[in-house]
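The structure under discussion is supplied below as C-alpha cells; questions concerning it will follow.
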Amino acid sequence: MFYFTAVSKKVIPAIEGFFTMDPEAPRLLGTQCKACQTYFFPPERGYCRNPECDSEELETVELSHEGTLWSYSHNGYKPPPPYVSPTEEFEPFAVAAVELEREKMVVMGMVPKPYTHEDLKVGQRMQLVLDPLYETDEERVMVWKWRPVEGGGSK
Amino acid sequence: MFYFTAVSKKVIPAIEGFFTMDPEAPRLLGTQCKACQTYFFPPERGYCRNPECDSEELETVELSHEGTLWSYSHNGYKPPPPYVSPTEEFEPFAVAAVELEREKMVVMGMVPKPYTHEDLKVGQRMQLVLDPLYETDEERVMVWKWRPVEGGGSK
Amino acid sequence: MSKEVAIAGVGMHPWGKWGRNFVEYGVKAARDALKDAGLEWKDVDFVVGGDTMRNGYPGYVAGSTFAEALGFKGTQIASVYGACATGAQAIDAARARILAGLAEVVLVVGADAAPKGFFAPQKGDRPEDRDWQRFRLVGMTNPNYFGLYARRRMALYGATSEDFAAVKVKNARHGLHNPYARYRKEVTAEEIAASPLVADPLRLLDICATSDGGAAVILTSIEFAEKRGLKVPRIAAINAATPTYPNPILDMPYIATDSWAVVQPDARGFKPSIAYGAYEEAGIGPEDLDLAEVYDLSTALELDWYEQIGLCGEGEAEAFLRSGATTFGGKIPVNPSGGLACFGEAVPAQAIAQVCELAWQIRGVAEGRQVEGAKVGLSINQGLFGHGSAIIVKG
Amino acid sequence: MSKEVAIAGVGMHPWGKWGRNFVEYGVKAARDALKDAGLEWKDVDFVVGGDTMRNGYPGYVAGSTFAEALGFKGTQIASVYGACATGAQAIDAARARILAGLAEVVLVVGADAAPKGFFAPQKGDRPEDRDWQRFRLVGMTNPNYFGLYARRRMALYGATSEDFAAVKVKNARHGLHNPYARYRKEVTAEEIAASPLVADPLRLLDICATSDGGAAVILTSIEFAEKRGLKVPRIAAINAATPTYPNPILDMPYIATDSWAVVQPDARGFKPSIAYGAYEEAGIGPEDLDLAEVYDLSTALELDWYEQIGLCGEGEAEAFLRSGATTFGGKIPVNPSGGLACFGEAVPAQAIAQVCELAWQIRGVAEGRQVEGAKVGLSINQGLFGHGSAIIVKG
C-alpha cells in the first residue's frame, strides 16, 4: 500500500471529483439519482441516464470500497496518450474490473505494484487503494486502484 | 521580387509537386486528364474528377503564370496552425484569387510584401512569383504567390 | 405517397459561450422539443445526432451520446456530419426513415461547444488534406473566403461597406427579443465601421462569432401527427446535394476552383441549385416564401443569398435590402430570428435551429419577432467541402 | 410494403498497409461495386460515406469526399459515423432513402488508412470524455477490454488459450484464398503461443491488426433490380440500435458499467439483442443461417459471438468450434472470409466488407472459400460507445 511519507511534492488527484484523497481509506465518488435512486460512476452530474427517469437531481455518494473481481487483464505494451507512464521505461501493469455488491456495478481500475495479473483470480475480493498514477517534478498525481484484499491475494 | 542572394539556408518548397522552384519564372504544376483534357490544381493524381470521365491517367502540366484578379481579401489577424507566420509578430497579409484564361480556373495565393490589399483591384493582371512562406534556422520554405504585374500594380 | 413529415416539436438551448459540455445543450434542446410535441423519450424510435468534430469521441457519435444521456433504451441511432449542412443531413436521415415506414417518431439533435477564434483544422501534417493546404499554403481562414465574395460584390455591383453594415443593423434588430439569441443588442453602422478589419473588406462586426448552442426537432409521420391531433408545420423538401463539376466558384476550403476549360459549368451554379432543388421538390418557387433563414456567416453573404435563392435579381440585393423588403413588414423578412449575426455559429446545431425558427414562425408563436401570416419558409446554407443544405417548411 | 433492398453490386480495395490516401481505396471499391452491378456513376442518386476520424476533414465528410473524387454531379449525400457500426449505419441510411422512394440507386462507401499500433483518442485534455478517462485513469486500451472478456470466459466456462488459438488457426485457413485479405498464410497454435502477451490472456496473434482498406456496396430498390433483370441478394434486416439501460457489461470505452441496483437489466443483454433485433426484422432465427461474419477483434470474442448470435448455448462455444461446426463443411461456417484475423480492421469499411462477403457467398462466387449452398447470412459487430450493428442478407 502507498503511504504519504516525507515528500515535498504536491499530491493531487488525476481527475477532480472521482474519488476522495484519504490515503488510508479512499473512496470512489459516484452520484445517486434522488428520484430513482440509481447509481452512476463516473459521477454523472447533468441528468439521470435511466430512460424512465428525467430527474436532474444527482447527489454525490461514496461507493463501496470492496468488491469481487469480475475479470482482469494487463498491458504488456505502453498504451497511447493520454496514458502517462510512471516510469521512463514502460512496465507492464494489470487492470481489474471489480463488481460492487451494494451498487451492483462493475468499476475498472489499475492494479498497484507489486501485484501483477498473475496474482489475480476471477471472484476474489478486492479493495480500493490510492496510488500514484505518475509523478512530475512538482506533483504526485494520484488515482484509485484495486488490489487484492489482504490475506485474499497471493502477495 | 525575391532573389536568391547569398544564403546558406536550404531552400525547399512548402509542399512537394505543386510548383516549380525556378526563382525567376516559377510555374504552378497542375495535372491534365489524358482522356477529357480537363485541368486540376492542386495536381489531382488519383483519378479524373469529371463525372463523365473515369480516366486515371493524369499528366503533370505547367499552368499559366499570369491571370486576372478575380477577387482578394486580407488577414488582419493571425490564422491558426498549420499556418506559420514568417515573423515573430504577425503582420497582416493579402490573399488573391486569380483567374487563369487558358485553364479557366481560379487559383488562390498569398500576395507578397510590400503589396497589401490596398494595392489590389478586381480585374487587374497578376503574375506568379516564388516567395518565402517562412524560414527556420536551416531552411527557407518557399511558396507561390500572386503579385500585381509590373506596371499594372501601384507599387 | 406523400413525401412530407410533421415537425411535431422543436427546442433549443440558448446560444452563448457557456463553457459547458455540448451534451448538456443537446439534452436540454431534446427535452424541450419532446415537451413541445407532447411526447416522451419512450415514444422516440430513432435518434439522429449531428456530430461535432471538436469535442472528442462523444462528438463523433452524437446520436449515441445524446441517446445515452437521455437513457439508452435500444433505440435505432445514426450520427451524421456535413459541416454546416449537418443539420440538413440529420433531418434528411430522419425523414427518410419515417417515409420508409421504419420509424414513427424521430428525435434530431445537434449541439456544439465551440472554441474561441477561427475554426482551425485537425492537428497534424496532412499535405493531402485541402483543409491543411488552405491554412498552410495560403493562410486562408473562413473569413478570407467571405472577404473574397464581398470584394467581388463590390467590384461587380458597386456594393459598399455601408450596405454590408445595413445587414448587421437589420439582423441585430430582428434578434432583440429572441430568447435563444446570444447577442440581443442594437448595433449601429458606426460601431461596425469602427470595429477592426478582420478580412478585407469585412470587419469584426460583419462576421459571425462561434458559439455554444443546441437545437432539436421531433419529426413524425403525417399519420402519427394527425392521429394525435397535432396541427403542426411540415417539412416539404430537403436538399443536401453536392455541387456539379466543374464548380467555377472558389468555395471553402479549396485553394482553386475546378477548371471550366473543357466541361461547361452548370448554368445555375451551386448555391442557387441548393435552393432550387428544394423548390422543385416542394413544388413552389421563391415567390411563395413568407420568410427565409439564410446563413449570414458574413453580412455580405446574406446579400448573395437574396439573389441565390431568387428573392431578387443579380446585383439587386443591396437595393432590395435598402427597400426594407427583408425586414418585418417587408416583402419577405430574412433572418427574423436575428440570424447568425445574433446567434454566432454552433455548427451541428445551426441548420436545426433554422428549422426551429421556421416552425415557430409558421405556428405564429415567435414572440417579438413574428412574421405576419407566415405559412411557408426556407432555411438555407452551404457547408464547406461541397455541402448544400436547404429545407422548406410549410404550415 | 416490402422492407427489402437489393445488393446490386459490391466491391473492395484489398486490405493491407498501403500508406496511401483513404480516398483512393474508397474510389477503387466504389468503381468495382458499380462495375459489379453493371451500373455507372451517373446512375447513382444518393451517396453515403462512412466517416474515418483520423484522416483530417475529408474523413469527416466521407460522403462528399468520395462523391467529389468520382465527380460531383449534384448528388444527394450523407456522411455517417458509428465506430465499428459505421458501415451498418451507412447501409441503413441508404436503405431508408430507397424504401422512402427518395432514391433508386445508392452507393455506400467506407475506407480507412489506419495508424500503426493501438487506436488512440483525439489529442487534448478532456476529462469529461470517457475515451480520455479510460486511457488516462486506467490505461485501458481496446485489447484490455478483449482481455477482460477472455479471462471471464476462462473463469466461467473453462476456456483455454488453446481454444482461443484454434479460432485464429481456423480463420487463417479460411482467408488463405481471399484476394482482399491482408494476411493469407496458415498460422499454427505454436506460433500463437509464442507471440508476445499483449493483454493477458491474449497474445499478439489473438488480436486483430489495424489495416488500410475500402469497401462499397450498390443498393437499389427491389423494383429497380427486377427491372434490370438483376438476380442479386437482398438486405432483409439491419439493426443499429443502442443498448438498454442498465447495461451490466463493461463495454468499450466505459470505465464502469451502469448500476443494476434499481433498474432490472434487459434479460437478453446488449450483444444478443443486436442479432435478435435483426432476426425479428427478417422473420428468421439463427437456425436459418448458412453462414455468419462476426467481428473477431480477438479470437476469444469470436467464441462469445457464437453464443450471442444463438449458434450454440452459453458456455458451449469452445466445443462448438472444436466440433468443426464453424468451418467449411460444418453446420455454419463463421468468418469464411478469414474475418478480422486475416483482414485487420479498417473501421468504416469493415461492416461494409462483411456485407460484400455475404453477397459473394450467397451469389456462390466466393472462390476458394465458398460456403456450399449459402442462402442466408448474418454480419454482426459492436462499436464502442453503444453501437450495435447487424445485417441479414438473403438470396
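Each chain carries a letter (A, B, C and D) given by its place in the written order, and its residues are counted from 1.
We adopt the following convention: contacts are C-beta pairs under 8 Å (C-beta built on N, C-alpha and C of every residue); 3 or more make two chains touch, one makes a residue touch a chain.
None of the values given here were measured: they were computed from a predicted structure.
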Among the remaining chains, which ones contact both chain C and chain D? A, B
Pair exhibiting more inter-chain C-beta contacts, B-C or B-D: B-C
Would you kindly say which chain has the C-alpha centre located farthest from the C-alpha centre of chain D? B
Distance from chain C to chain B - Cα centre to Cα centre, in angstrom: 33
Return the distance between the CA-based centres of chain A and chain C, expressed in whole Å. 44
Dist(centroid_CA(chain A), centroid_CA(chain B)) in Å evaluates to 55
What are the residue numbers in chain A that touch two or more other chains? 49-52
Junction residues of chain D - those touching two or more other chains: 21, 68, 71-73, 121, 123, 130, 132, 244-245
Sites on chain D touched by chain A in the complex: 117-121, 123, 125, 127, 130, 132-141, 143-152, 154-156, 196-202, 244-246, 248, 250, 255-263
For chain A, which residues count as touching chain D in their complex? 14-16, 18, 36-42, 49-52, 70-77, 79-84, 93-95, 97, 102-110, 117, 121-123, 133, 143
Contact set on chain D toward chain B in their complex: 21, 23-24, 27, 31, 41-42, 68-73
Going by the contact rule set out above, which residues of chain C touch chain D in the complex? 1, 3, 21, 51, 53, 55-58, 60-61, 63-65, 67-68, 71-83, 89, 92-93, 95-102, 121-124, 126, 128-132, 239-245, 247, 253, 266, 273, 277, 383-387
How about chain B: which of its residues touch chain D in the complex? 46-54
